[in-house]
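Pasting in a structure now, in structure tokens, and then I'll have a few things to ask.
Which chain is which? They are A, B, C and D, in the order written, and residues in each are numbered from 1.
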Amino acid sequence: MTQSATQFIQRMLQTHPQSGQSPFEMSALVECISACFECAQVCTSCADACLGETEHLSHLAHCIRLNSDCADICDTTGRILIRQTQPELSVIRAQVQSCLAACKACGDECKQHAEKMNMKHCELCAESCRRCEQACQALLNGMQA
Amino acid sequence: MTQSATQFIQRMLQTHPQSGQSPFEMSALVECISACFECAQVCTSCADACLGETEHLSHLAHCIRLNSDCADICDTTGRILIRQTQPELSVIRAQVQSCLAACKACGDECKQHAEKMNMKHCELCAESCRRCEQACQALLNGMQA
Amino acid sequence: MTQSATQFIQRMLQTHPQSGQSPFEMSALVECISACFECAQVCTSCADACLGETEHLSHLAHCIRLNSDCADICDTTGRILIRQTQPELSVIRAQVQSCLAACKACGDECKQHAEKMNMKHCELCAESCRRCEQACQALLNGMQA
Amino acid sequence: MTQSATQFIQRMLQTHPQSGQSPFEMSALVECISACFECAQVCTSCADACLGETEHLSHLAHCIRLNSDCADICDTTGRILIRQTQPELSVIRAQVQSCLAACKACGDECKQHAEKMNMKHCELCAESCRRCEQACQALLNGMQA
């Protein structure tokens, strides 16, 4: 229970009968899966926390929109990356690129609210989006090599 | 209840306070949303129907994998496209491109099982994937114009 | 493309190798699956339309919350019901009961906004929630018989 | 990055503007959210690992079915529990009960494959299902008190 999510995902992948055939470098893959699922959770939470900011709600509509899209995209990307059986690289690459775009857009928006309005949930969300954006970029870099 | 899913989605979009500001041509958008949600359902059903093909299961593992990915991607794409409040075009474009890739890969695989093994669920799934692939392409063509 | 969603789901179920073993009455099952997926789409759309109601946003926070929960629950319930391979009745029954509760709560809230604030997206959403609530109740009644 | 998922969820909830009004005991809530999201990931992974067990696939169809349902249910339950704005207790209670049922059914099935066939992914999945089942039960016990 006190292990990190990253370590748990690594253990799951190691038990997979076909994980030895993965086209990905294992540590980059584990980091990307972990970052996707964390970001999906944090964006779901940030959308809801913004919705609870009664006095600032009208300024946060764009943030809620981006959080909602990013949560759905990160969740789907995490599900696709965690699957190891007979992967289709064209699909995985396109979905990771979409995840990168969503995390960049959402992270940029949240960073503004963190800096200008001192919103702590947006600060945590911007951190998580940045981590996921970087993990997606690293995975894509490894695929193109 | 007897209206098509496409007509129902059109009615929802017409009630949206910001739908007049959509960057998309409305009939292409409605068709793409409808095709995404239909394909998500059909792929979920086809993955499960393949799982029930006890005698042919080992030949259908790749199909189940592609169905599962395509179901998740189409569902997320439909959710993102149905949202009209302050859309972020870079995110939408990337996700529609991923949906197009998933529908192409899954449709190609299902078409083979429909033709070679006479699998009726794969035949319906291939049709639905092709419809969604074309709707994604039409929407992307309209965005780039 | 002009067929109803209900008809399409029925065609998919008829191609399933194990659909003859379903513990459900087929027309009640098809109606419930169709209602779940429609309601998931409508609730996603209504949450976003409420978010776009700039002047009334603070009154719609509870509605957005209920729409978001109902969208997630209906989508999951539809996915579980459309699967026919070796169903587990205790799981299905509990998830359909949750869907019924979510549709009742969300439908009641949307009905108020439809009547008091003349919100057309909430009116359509209330209709869809009511249809899904009734379809879940009918399915549960059939299970207990 | 090395913090546990549980700690990260706790930090997010602490930044929520309405978290002080939660009807739940905070440590039980955090544990349940963390367990739901972990179980959703592990079940997605176990379904796919079972699909990759080429020689044993026909014995694992029921397990894949239960994994798929449990993954969807746990993901939805985690999303609903992480939201703090104006919660609807009837909906939350019903969804947590469904999650408990899904984790019990899936955990029991995976435990059998872990013991009889020495499947390591099923062993990890059974652990994660059991943790989530207990966390759901603890949360429900606290609600009824």
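FYI, a residue touches a chain if its C-beta (ideal position, glycine included) is under 8 Å from a C-beta of that chain, and two chains touch if they have at least 3 such contacts.
Only a predicted model underlies this, so the values are computations on that prediction, with no experimental measurement involved.
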Note, CA centroid farthest from subunit B's centroid sits on chain D
Residue numbers at the subunit C-subunit D contact, same meaning over half shared and different meaning under half, come out as same
Quick note, more Cb pairs in contact for B-C or A-B? It is B-C
Distance in whole angstrom between the CA centres of subunit B and subunit C is 19
So, in whole Å, the Cα centroid of subunit A is separated from that of subunit B by 22
Touching two or more other chains in subunit C are residues 48, 51-52, 54, 61, 65, 68, 75, 79, 83, 85-86
Contact graph of the chains (line, ring, star, complete, other): complete
Interface with subunit C, subunit B side, in the complex: residues 1-6, 8-9, 11-13, 15-18, 33, 37-38, 41-42, 44-46, 48-49, 51-54, 71, 75, 78-79, 82-86, 119-121, 123-124, 131
Note: in the complex, subunit D contacts subunit C through residues 61-62, 65-66, 68-70, 72-73, 75-76, 79-80, 83, 85-88, 90-91, 93-95, 97-98, 100-102, 104-105
Subunit A residues touching subunit C in their complex are 47-48, 51-52, 54, 57-58, 61, 64-65, 68
